[in-house]
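Some structures are shown below for you to check.
Shared between the two complexes below is chain A, which has chain B as its partner in the first and chain C in the second.
Showing the complex of A and B:
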């Protein structure tokens, strides 16, 4: 595998517009191109998986073959050839690393460029406790802070390791929130997922630090199919952050992830995402196709799940983090900022399914469209007959920068319970000339002014992020909108 | 039925007998019918997999074996609007002898009588609207209807009340009445449509209307649907509004087992305004669907949609409002709102207020709410000695009156409130 001259040239041409657009030269091991039962067997064998998991994958593959790709989203892209992609790519290494020191230095450098210096973080552990499980292409490379977490009884490891070490837990929960045939992309993920993170927080434990995973797609023509499973047992708490980047490449890369969260009685899960996959260039060449299924089951009474997402990357985003509010008094929250610039297309939102009594949900969505991008909010709020005194509040705001982009809102509000109250409101407007003028008058450059106004527009969501990431997300908002004015 | 149809969509066979053969109609109409027949035969009845019909199933229609009926006699109905002209239709056929349209030369009926009017072809065959399957079925099958033509600067001397009376017989009948309304520049008119039925029995009324509101013209178009419990009522209204004109549409839905009132508006004149408001009060197994699509195509246009519904029993209310703002439609101001009261444990409401915006200098917003009656409101009235059932009706009335207040014609607004009060068992306050 090597970086093409064209890519390098592109990088130089674009300067620091997409500062994560570098390719790391690491020898990697790939499965044959295309998708077949054999490839799935190959992946499963490589990962030394038990028979039940291989069977489960093959079952999903059989279901996937009978399914058709959904076309209801407001997205336009050429048909994806699922046989023209590699489904397994792992950084080549002689032995599994025992500590960070054994990890390929080039790899560590990549992460340093990404702004997550693992080593430094370990050193600064006393100052800032963030455990990082870095997923490079498909294999979880290193997990930090394991010892400290183990002390608290928290399991935080790659899902492959979890399959080996905690098979009963994985078997119990895998596919329990997102069934194999939930949708086309989820089925594909079940068949070919290569790695991802696994978190189990035992009863009554408040996870002592923020958990974090950094996903990065490196190899050419590879799809990344990660799988995340987080279980918060009774009365526990965990905050989890994932960040995503990918190098700049001319061809489109496929990313189809599945994230399952289970919150038991009185448990709380906070899941934050900063998604900054390569969005393609100004003319829509290249970029990640991001088809993600994320769902949380608030199974126990008084459980709570909070999704926060900052979506600035990807050529195509198809993502609806959802909450199934099964336990009485359970709560779901969704805070989202989605920025689409140039030729990006985003169709994202949430689903809040109220089943239990007095379940509450809150949706705050901020969409920003610039360039020639199309940005859609799509959400469902459903009050089932059992959701006595359920409560939902939804606020969706869209901001348009320039007259060639589009901002769309598609909410579905279904109520089958008289005592439930649902409120939805949405607005769409242009970026305020007055606010821009005010900034300009004070000597703030035009792009900076836009970034400032947009950050103000997103504040309600950004402040839900853990602090360090909120700062980074604010910068990202500015970077994503570069070139959108003037 | 035309020959050479290769494909056949779901439920088409149930309607084949309704397709009209090209007869003595003008060539344009024969061609129009043929193309619409082909389109309907191809797509068939929509299913709940079609996004626009997600919440309303037409499956029962294919099983009901509706038959086209011949013209029949029908009684008269006292008008809700004093001094209004009245045109009566029975099972889709215009009944001149039951109508009072003296001095209203702008009213043209029956439909067959004026098919050669040149403006009609232009209006009916307009292709700027999205394909709509039940509209096509109407076009393929209609036997009668009316037209209303106001020249430039004309004002309709009296408001016009259109009474669509359904008289079901022994076998389930179907009728596909058609309307064409054209207002010239600066013209103005107020129309009230009333949809009623006499006696018990199943039927399908599938209405279609093409409306053009000229430059600076103003049309108040109120519809009151209070049909019987076995009636199925579908209507598709297509409106085109010119520069600085106003189309003020309102729908009150009280009756029918299944009803859907759908409007598509093309706001193509600079500074034009479209209002689509509505109120519905349903119970039992009633299903009431209000669907709209407003295409903002010109600068400085405005749209307002406010719907309020009270749903009791096993009723189900559906609201789908779609606003599309074209890239050229800068300074668009769009608003839509659906509020629903769920009055029983088995009532359901589904709202889908959607925005599709391609211009940046716009102000668009929408909202939706669903919930039970506010206990505080009831308490306030009970504390003043009003018995519980009356207090409930009063709260419902207040809730439903909100969109009614938006009707710009005073008499029409009062008439709608009268009908609502009678329905809720309240005296006019």
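Showing the complex of A and C:
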């Protein structure tokens, strides 16, 4: 069965557009509604954090209170009442599970429904060679394949666990790439983040498997603020993937994550995202507000970071995974597919900050707009005076399906070095009637034809994904464009 | 098998097919010839159900089923295949994926099981071999950067894979060199069978040396103005359309 055929079949079986829109009935423990120093102390205490971390949170909170929400993006939404959300929600469990057998079966069931087998046995049975950390609402519930990773010396655990077990590493790097007051949402995250993943790959180690985190917002009125920190020490390599889903709810839910990556000399990090938060219904009711700060520091010479993202969900996406290319000859790449259908709004892109000599960056962005959606690419390429012979290539393609949607491109280029070279290419086109007719004449139904043509349009990006996830992503492209034609 | 009666079709408000009659029985190959702009491709697109080709009257039936108003994919599922005069490029979609998606969609629509990856590959290889086409062609995105001849060969390959009941070939011979023409004609001939009909649109008698038609029709100004045996094509080749059109106008 072809990926696209499967997609259609899947959707038909489910009879619903968003197949992850179920709610898990599970008892959870929540912090009082709203945001205050007390709530932050509550979160910190719940997590038995050291004093320095509580202080760090409170400091961020103080900064956040003086900041204002950014409004430069091409996004429209009613003001968010930050006091009307819960900032901590954890599935009730006596103690933190020590092994997978202690994880609540309801939770395991949830992840099975999402297609993420957490049971190591199942995974060993050959399903996927991927280590998974699953974050449910605010806390990390399970990390698989720990032993095998430990053997290689790779640390892969929840960031809460890392604070307990590897405090020096966390303290050294937390906030080192994205400063607390980098932006409004990052500051908020510092104050209230609840969990996320932590990865450390030691010198010279090639991580033996794909690492993956699955984020799931389940509880009502809950914000999810995860924090991810990945450090690749000299000469190491790691490939990491995050996936995200949430149930269908009429209210909007806030998601403000921070991801920091540090690549030392000759290290390489591949970071892939398949974002499929609930996008809201056709009329724009409900859906996740996704305000995310992701940044990589290519600190060492010849280090390399590659961001790949497939953004199909969320009512609002505000996200600019960036690379600070500090080391000489370091490289940053950004491959993005952003799909906005119905009433979705996406303002996404990247920043490439060239500092080191001969630093290179490459940006491939594919934006697809359908329904009444608005989809913007916003990118900054900056060549600092020190970036001798820096190179950038940007290719930015937009595809429109129907005539009520919009595509916008905002490329910013700042070059302060005359030997640097920046190239930018952009195209905007409507989905081709000729192509759709050709497919349909061959018996391919209209929606599947759209999925096929759009997958072709995105191919350059999708093929960057780890193989295990490429098929899933292709299906997602089809599903998220359901109902966009005809 | 294909029954067209008094068919009227307009494009962008202009009537192009003006009461066209045509009947192709099962097992027969009919050729359509006619001057540029006569409406030959319009007929092909109208049969295939292309958007923008407005039906303004008359009927078109395939195997007894009216196809007017059906979606293109439903007409395809009924067994209608159109080899395009200008095959379309689909960037990023490998030929193999395209073929497999098409074949399986068609099978599902007909209530058959989808082919497994392995069975599919076996079938493709068989067809490629009998048509003398290199498998490399299917690794490339559909028609992207193909030469004119490659595109036409790709159309014939798709036709052989999908095993339609009725084939419309719109100038499948144009732009082919002699060898390619033979390959394409052999492919088409291999598909001739007592329960399959074909409509071959062409400007050149040359193709009809390889694909022997049962009947030849002349389409001019949106109507079939003359029909005859294969000798009609020879006559047109010798005399051009001038005499004939004068005759029919009179």
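Side notes on the structure shown:
In the analysis below, the second predicted complex is superposed on the first by the 464 of 486 C-alpha atoms of A that agree within 3 Å, B and C clash if a C-alpha of one lies under 4 Å from a C-alpha of the other, contacts with A are read in each partner's own complex, and residues count from 1 in each chain.
Please note the rule applied: a residue touches a chain if its C-beta (ideal position, glycine included) is under 8 Å from a C-beta of that chain, and two chains touch if they have at least 3 such contacts.
Because the structure is predicted, anything quoted here is derived from the model rather than measured.
Once chain A of one complex is fitted onto chain A of the other, the partner contacts of A:285 are absent, as it touches neither chain B nor chain C.
Look at A:407: by the touch rule set out above, it reaches chain B but stays clear of chain C. Contact with neither chain B nor chain C is seen for A:171 once the two complexes are overlaid on the shared chain.
Using the contact criterion defined above for the overlaid structures, shared-chain residue A:437 touches chain C, although it does not reach chain B.
Once the two complexes are laid over each other on the shared chain, residue contacts for A:148 go to neither chain B nor chain C. Looking at the superposition, the partner that touches the larger set of chain A residues, chain B or chain C, turns out to be B. Common to the chain B-facing and chain C-facing surfaces of chain A is no residue whatsoever. Contacts from chain B toward chain A in the complex involve residues 51, 327, 330, 340, 342-372. Listing the residues of chain C that touch chain A in their complex gives 48-51, 71-73, 75-77, 81-82, 84, 87-93, 97-98, 100-106, 108-109, 114, 141, 158, 162. Of all residues in chain A, only 1-2, 4-5, 432-435, 437-446, 448, 452-453, 455-460 touch chain C in the complex they form. Residues 72, 74, 383, 385, 398, 400-431 of chain A are the ones that touch chain B when the two sit in their complex.
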